[in-house]
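Think of it as A, B, C, D, E and F in the order they're written, each chain with its own count starting at 1.
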Amino acid sequence: MYELGVVYRSIERTDCATADALAALGSATVHEAMGRVGLLKPYMRPIYPGAQVSGTAVTVLLPPGDNWMLHVVAEQIQPGDIVVAATFTDSTDGYFGDLLATSFQARGARALVIDAGVRDVRTLAEMNFPVWSRAISSKGCVKATLGSVNVPVVCAGMLVHPGDVIVADDDGVVCVPRALASQTLEAAKKREANEAEKRARLASGVLGLDMYAMREPLSKAGLRYVD
Amino acid sequence: MYELGVVYRSIERTDCATADALAALGSATVHEAMGRVGLLKPYMRPIYPGAQVSGTAVTVLLPPGDNWMLHVVAEQIQPGDIVVAATFTDSTDGYFGDLLATSFQARGARALVIDAGVRDVRTLAEMNFPVWSRAISSKGCVKATLGSVNVPVVCAGMLVHPGDVIVADDDGVVCVPRALASQTLEAAKKREANEAEKRARLASGVLGLDMYAMREPLSKAGLRYVD
Amino acid sequence: MYELGVVYRSIERTDCATADALAALGSATVHEAMGRVGLLKPYMRPIYPGAQVSGTAVTVLLPPGDNWMLHVVAEQIQPGDIVVAATFTDSTDGYFGDLLATSFQARGARALVIDAGVRDVRTLAEMNFPVWSRAISSKGCVKATLGSVNVPVVCAGMLVHPGDVIVADDDGVVCVPRALASQTLEAAKKREANEAEKRARLASGVLGLDMYAMREPLSKAGLRYVD
Amino acid sequence: MYELGVVYRSIERTDCATADALAALGSATVHEAMGRVGLLKPYMRPIYPGAQVSGTAVTVLLPPGDNWMLHVVAEQIQPGDIVVAATFTDSTDGYFGDLLATSFQARGARALVIDAGVRDVRTLAEMNFPVWSRAISSKGCVKATLGSVNVPVVCAGMLVHPGDVIVADDDGVVCVPRALASQTLEAAKKREANEAEKRARLASGVLGLDMYAMREPLSKAGLRYVD
Amino acid sequence: MYELGVVYRSIERTDCATADALAALGSATVHEAMGRVGLLKPYMRPIYPGAQVSGTAVTVLLPPGDNWMLHVVAEQIQPGDIVVAATFTDSTDGYFGDLLATSFQARGARALVIDAGVRDVRTLAEMNFPVWSRAISSKGCVKATLGSVNVPVVCAGMLVHPGDVIVADDDGVVCVPRALASQTLEAAKKREANEAEKRARLASGVLGLDMYAMREPLSKAGLRYVD
Amino acid sequence: MYELGVVYRSIERTDCATADALAALGSATVHEAMGRVGLLKPYMRPIYPGAQVSGTAVTVLLPPGDNWMLHVVAEQIQPGDIVVAATFTDSTDGYFGDLLATSFQARGARALVIDAGVRDVRTLAEMNFPVWSRAISSKGCVKATLGSVNVPVVCAGMLVHPGDVIVADDDGVVCVPRALASQTLEAAKKREANEAEKRARLASGVLGLDMYAMREPLSKAGLRYVD
């Protein structure tokens, strides 16, 4: 966040199998598996519903109203990456549209997570290129000022390092640090394993109060019932 | 709103036939029929489009980032209820997901109205369990602090008593107090009755200016035309 | 903006062929063709996805929570118009619903752009009457206070004169002043002409860095690469 | 909230001695004494710093951009009252200025709490008439539509009944229901009684960890220290 | 708003005596005298309380995060001017600080009204150079992209032409178009003339209900009293 | 940000002389000296004007509505520290008041920077204990859930490591990473050195256009003047 005008070409990506496997678990389960941390702020929304992806983060830091660096980051994309774009100051400008998406997709990017605006959203949906953004805006950008590529960035309130895993779906976006990716995958799978059974029991009418043995702690906390 | 740690088990629900009949009229017509009152703030949005429901309110008051009481309220749900969840302070955390929805649905709940966030929204849509919320967020909750069930709550700026009728659709959410439900239903039906005829006249090119006899009051208010 | 209680009946509309032709180019291309100006703020969102329209602006200025003037403006609509509604103060109230939409559509209006709220959104979608608004709300309005019709208005931060062209799609809303419409259409077509070729090159893996010859200016600006 | 066009002249005010005594304790202590409930949302801010008041609520419900009812409520003010004004929909308009303040002050009102805007704030400060509001705005209002006086209102997210006690200072605004006023005063005094001693101990360097015996519960909750 | 990269050197300023005389009347009275129009949005706040000014508008349009044009506009300032700065897109960056203020003040500017952020606010207060802004921020700007000077701008939702009168105080900011300045001054003086008498009557306990003869219209509108 | 329930007792603080010297330069100059990075979002505002401080960061991560960890962090404070508090999710609750401030001050803390709310603001001002926060709120907190102390945190959009330098004044808050503190101090002093001379020249009427030699680059960028 403190270096401007620099592009780091060599980054350590999370192991590909781990990064890929996290998509199926979804942002909520992965976030819980990490101890309820790692989420980007909930104003980050998908531009169309239904996409669920994971991949390794390539990061880019953008000046206000200036998308020059998105062309620079394109060259650093490898198949399986997700571009994570942060800005120096809050912006809703449309930094990204169908041409850049074509380029990103050609390079193998799976998605864009951008703490700013995007445009050409109907075309992006047709291209099946998912984006999570804070805004949709036709507003175009200039190309006059440098930012940086593959430095750590704070995107929508969360620190993201190049090579971390990003998991995104209709519920939001979570960042899994590279060092925690493997254990997070294991923990998330375990959480997932129990869900089907729990769901069946709840569907049959069993209450969470009983299934999770909450009646006693609730009573100890002072809960009282009035008829 | 002033009692914490208490669950009221006996509430007086609006008569079932009345509560059910309000759904078809929709939130806008019902709100007009009440004299243009009763609406929750418009930041309350459906997590998927197209749902239109009504039902009797079961209320729950939630501490910040803590969804323990949603398990407590589940036990108080009766078929035809809509759970109305308020928080002590503004929150976008994801208090509710597919497991709780499974439990609520098993108990007969028709919907959730929550002045906070929810998650697992794709699964909720597949389950056909509608939710109106202020946010969508993967953010999970703890289970450490008590709130209350079936106390009056202020949800998204509107006072809701247990047993009131909730009507919700793509336009928003309205609360009909139990004591006004019957007369509101009658008034809303009357409004509805005229709509088809009005729509036909407007579609034929008749102006509202003439249909509603507005030209004279507009002129009296001082409106002037310039060619 | 400074005259209240007045309806201008005679406005000079942008030539119809020009106004119509801008729709296909979309808000982002048109905004770029104007030199990156003319956009309404990005909080203006379509109530359903997929609509893409252009037309000549008929303007209306609305008091808080009062939609009387929408009936007045209906009479001034000509086929091919888009109604642009501004308010004296920020509001999310539902000024517009299916009855007014029926009337507007019968008069030949193509869309409504309103810096406030609307309701009956499901019906509006079924009617195929597109609306761009800042909010969706069941909240009804009174009919007690005058505004004006066909005065210049500031709608969502942008000045709109009666007769200007409005272009709106999923990316947002742009206003093209009447005097600039013809040249904007030409400029937008030129931009569009190059897009297909650019897209093909980017899809083949060519980088924007090379296609736009950015490497040298980036280097001059001080960009450095670190391995 | 559901009755429009009505003025209740007879309300039961909280006993005067109790209402007056709560001012000195402040909004934070009173809110804690009630079990951490009763606060209006924190966007309610004083128009000048340093005022600290309590009084009995006289309530008024206002249409959007229309302050007619503020003249109506003036007549219902008794010495020691605080006027609590809510609106049908969110508004920042300037409903209240120095003339109304002169009238309110002449009637004995101690303050205004309004979930909207006010103006003439420099004069109000000179008059020593405190206001807590969501906005400051020169925007004037019309006088065309009815609201109500002395009905229950939701003001900044909190339910206020006529006759409840309002306590307001630089930290915010709290509503104490009439039925809880006496016990809240006692509880608040008790909290206050310990504060001086606690402050002295903390000032001498004693840690809250020790003073409140938190080390054991923190350790049980799993807190660990790393050197 | 549609021309970039241009500086208009010759503008017609409102007559100096008129522009100066409006300050004493204040933003609320002037806005009322214009028929309740002309206000900038209420998020525009003074950086320190107590300033009350009027002057002729010199306008400047600023790109996101780029304050180059503030140096350009400085040259166009004449004694008695107020600089009105708008941006292409919403920004809270600190476009203006003590050095620019020194320059503006040396040129004779009375104030800055900027729909963005400023910094060095303590020094600005010491210099007695008033600013109305949407934000305070240390965030600095680049100097890379052109805007325009003395074109019409939309600042905080209001259209401002070069040469219009700006009136600003603790209640907000109002723009009086040049063509309306003289009549607005007369109307505002008339409003002001009655205020002292009204205030005296209200202070003596006379109710607005009686002073403004509101009881009959309220009754006609349906207001009823309940004891 | 990823470790919960842990307190790091040994942190490397920036050298004391460097940390202390940065206060006098102010947040704007320091941020510029770092290359225009390092600022917390501008919604962070001082609770009273005029304070200008610097110090070494001690960090704390707080659960929603739960201030238990503020008692834990108190023990880790050393003279010259500034406590930087972040939360898991956005909150305006009042996590901090006069008792905690007494304790912090007794431990030698110079200020609190908290991305949430505080209360007892009048007393804090009397104590001369400065706070930068996103909100002021009477809302109290529970003590039920763990966070962490002296882990890296994202506070108001900026990454802060324990031991970094915080500089805060009326313009905002900037974080200087420990490794950059010394060079930042030098760079900031150099910027400051020129300011007095620049100010004198601008005060004498010299334009920034000439002082910074902007006329040629503006002309090259295409700026044109119209009389």
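Going forward, contacts are C-beta pairs under 8 Å (C-beta built on N, C-alpha and C of every residue); 3 or more make two chains touch, one makes a residue touch a chain.
It should be emphasised that the depicted structure is a prediction, and the values quoted were computed from it without experimental measurement.
The chains touching chain D as well as chain F are B, E. By residue number, more than half of the contact pairs of D-F reappear in one of the listed pairs D-E, C-D or B-D, namely D-E. In terms of their C-alpha centroids, the spacing between chain A and chain B amounts to 31 Å. Centre-to-centre separation between chain B and chain E, using Cα means, comes to 41 Å. The centroid of the Cα atoms in chain B and the matching centroid in chain F are 42 Å apart. Looking at chain D, residues 36, 88, 90, 92, 139, 142, 145 sit in touch with two or more other chains.
Taken as a contact graph, the chains fit none of the simple arrangements: neither line, ring, star nor complete graph. Shown are all chain pairs that touch, namely A-B, A-C, A-E, A-F, B-C, B-D, B-F, C-D, C-E, D-E, D-F, E-F.
Interface residues of chain D, counted against chain C in their complex, comprise 63-66, 88-93, 139, 142, 144-145.
Of all residues in chain E, only 26-28, 31-32, 36, 39, 42, 45, 49-50, 52, 169-172, 174, 195, 198-199, 202-205, 207-209, 212, 214, 218, 221-227 touch chain D in the complex they form. Across the complex, chain E meets chain F through its residues 5-10, 68, 71-72, 74-75, 92, 94, 97-100, 102-103, 105-107, 117, 119-122, 135-140, 142-143, 145-146. Note for the complex: chain B touches chain D at residues 1-2, 4, 34-38, 41, 88, 90, 152, 154, 157-159, 177, 180.
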